[in-house]
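Shared chain: chain A. Partners: chain B in the first complex, chain C in the second.
The block that comes next holds the complex of A and B.
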């Protein structure tokens, strides 16, 4: 393309633009090359160090044994179905319980004062107790009371623990969302005659929930991993099955198999969360997802 | 006996040590349009928010059809649906389409069936030239279109009275006209309105009466000619001179 052929300079054909494009292309290629080389060097060195370490053959045998992987996997996989079921149930319950707690904490109605105090105490207390202690207290303590009509299945108490524990965090996430909705939205809703409950339901909450979806998903990545804690109550989930295999064979590959199953679930969810955050940043406006 | 829709009797509003409204009184008949002018910080917007009961007053009475709605024991929600307010920053609901913005209150507050609310909204949208935007979300609209949608949202509740709080101050200059036009149409239809505005030419054209406020007090009130052409107080004269010089 020459300048003679383009008597009127149209966009995209000026020599200055071509020079800029070429420059940026060179820059891009350079940063890609540097990135690739440094990645290879770092991970290559790391691999060399590990593979040449004196203990590597023994570690390889006890952590990366294909035979043990194959042998333990079916059992762990069937245990993992339990993890999936547990956190699916827990997630739904957490979303509901946490929303109720958050709305109560955000309300200003004097009628709800006792509930508001209870909700605040709940959030403060639960966030201060390690989940594992709560799990032992509820999982071993409550069934030991031998109360009539109270279920004593370990799975029931395991789910209850997760719901109680995570709802406190998720309630705070919701509340942050509720508080991020500008008060002019409430003013507009109230000025149209909507009651404060109606304003919350139809104007504030829809906007709040949309804004906190990424942090909510983040909490659920954590929840999915924490479903492995249930092994401590003897629930036959993936980690427990892996433990049983390890105790029988003294080979740790089974743990790796369990970890792999968790990764298959959590990594895509984490990626999806990142994607949502990126998209939210791109469109700051309030259009629905 | 004049028909008085709204009577504000000696209201006071304080924010901590700051007195925002000091003994403000006004009255407004049905089908009347009142313009409130005055320097910023003079309490104009607060006055509207008090009339709409978005802010509680500290003393005085606000009578709507002879009933004191500012009585703390009065049901505020039932009053607000009768008094529409249009905000400077539109305050449309960003998660709802234009149509849903308009039909939300009729459906939830007046319990109007969805179909009926939609038909009523469509009629208003067509009338004010927004029919093609009914399914758009507010952030896809220009400022002028957003403010028109906000006016329609207030109208959809068939209020007795509409309060407009500097409805064109947040708009780019070229979009002011379309919003003022809508307000003028409403005035011709006999809608009772109070408009806080810096558009003096507009105030003169549309308002039956003009109220001049300064430092939380009503300094002058009367016909547009009285207040805007031949103000009696020095403060009003100074303000009007500034406004006309800058225009």
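The block that comes next holds the complex of A and C.
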């Protein structure tokens, strides 16, 4: 950076401002060019290395075969509907259960102490258990008890497992949102005559939930992928359908087809989350990037 | 210098070709020292872990020589000239057996059925066992009374993913409800035991073992001989591995039937349901 290009110290004067804008424009163009070149060099080199590797023809045939892609796709797609159903139902339940847990954990009332203890124990315990183990315990263990009236459906137990597991995480996300609302908000609400429950409902939660929408979406993306756990209980969802094809033909392309279906849903959601975060930062008044 | 090496190698090849009786075949020798192996001087055999009876010994693993597939593997190794100490076992999960890339086993023996589609990605030895599919159910359940394929359509059936047992449900039985599919036989057995399945399809020897030892109250309801060509288990080789021909030669020379008598003899008396 030369002396002439250095940003002016007097932001009010208009020749200084024009120079500063021109400088930023140059800088932006320069970083765009460098970014483009380095992207091409890095990915180009990677592509060259992969395409010229001795194993590439074999890998191409077993992972990127158009024939196998076409043959396996319809079955995988119809299995994917089950994933979608599972994670949509689970997500709605998770958002409700987690909110209840978070509100209980954030409550101050002494009467609710036992509930608060239970909620804390739930979050601590469940977050420490791998979902896959929970799934086996609930999905194979509970039906084996042979209790009257306990459902035996695989989808029921898969949804139950996901709700129990994810609610513990999502409750913590909600709670972080609730705690991020400044105490003065509650104080103001109480001074207006709202009860503690009312101020939680009408003042704290609306602000808290809006703030945590991006991390909630993040957990939703994770949930979509974990819907593949359903396969472990025997249901032929997208991943299992792909696996059946792979084991039958010894060709891995079907896995790629399944991955593509998940990507089609998760990538736009991830982009949308990023957009929300950016907008939020702009609104709160941080400097735009 | 290099030229001499090539010359000597070529000479060796000619000499060894003359030494074997089947000189006309492929030209490669099946003398122990001429075999192309993953690890020189050792026959490296793959199978999955855990491995179950009656194919292997569950506790001791494949190196005990206990179980039909372990016995066949050691018999083949012996025929090729390897002592028991010169046989090494490696754990090869099913997926790894056909994944592209260098293999860390000379061959894999893991109740793998030979099919044309699979044969395009790997090579198989000749079949060493003609396998029948079998249906496992609880003795006191409705399904135990079934005597035809059609009667089985109404039940909830399950099998392990990637098995011909699953293909059998889908293609031959064609049940009204979609079959349930599990990662492993252990998961499938757990689901069956938990009452989530009416019937579990397995290969016949495994079904007998499960009913006799593992799940109380279960029985082999029926066995199903394959319609047309018998279904066979084969050893799996990397595509183009010349060792395959030598293993086939060895398989032809050992008495597989006797080994079958020794390890799988009790599995013949289940009711037969014809599928053809």
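The criterion applied here is as follows: the second predicted complex is superposed on the first by the 255 of 289 C-alpha atoms of A that agree within 3 Å, B and C clash if a C-alpha of one lies under 4 Å from a C-alpha of the other, contacts with A are read in each partner's own complex, and residues count from 1 in each chain.
One rule holds for everything that comes next: a residue touches a chain if its C-beta (ideal position, glycine included) is under 8 Å from a C-beta of that chain, and two chains touch if they have at least 3 such contacts.
All values derive from a computational prediction rather than experimental measurement.
After overlaying the two complexes on the shared chain, residue contacts for A:221 are found with neither chain B nor chain C. By the touch criterion stated above, A:102 is placed in contact with neither chain B nor chain C. Of the two partner chains placed by the overlay, neither chain B nor chain C lies in contact with A:230. Look at A:257: by the touch rule set out above, it reaches neither chain B nor chain C. Looking at the superposed arrangement, the partner reaching more residues of chain A, out of chain B and chain C, is C. Shared-chain residue A:143: touches chain C; no touch with chain B. Residue overlap on chain A between the chain B contacts of one complex and the chain C contacts of the other is empty. The touching residues of chain A, counted against chain B in their complex, run 184-185, 187-195, 198, 202-203, 206-207, 210, 285-288. On the chain A side of its complex with chain C, the touching residues are 55, 58-59, 61-63, 136, 140-141, 143-144, 146, 152, 154, 231-236, 240, 243-244, 246-252. Those residues of chain C that touch chain A in the complex are listed here as 94-95, 98-101, 115, 117-118, 120-122, 158, 161-163, 166-167, 178-183, 187-188, 190-191, 193-197.
Chain B contributes residues 49, 52, 54, 77-78, 80-85, 87, 89, 91-95, 104-105, 108-109, 137-140, 153-154, 157 to its touches with chain A in the complex.
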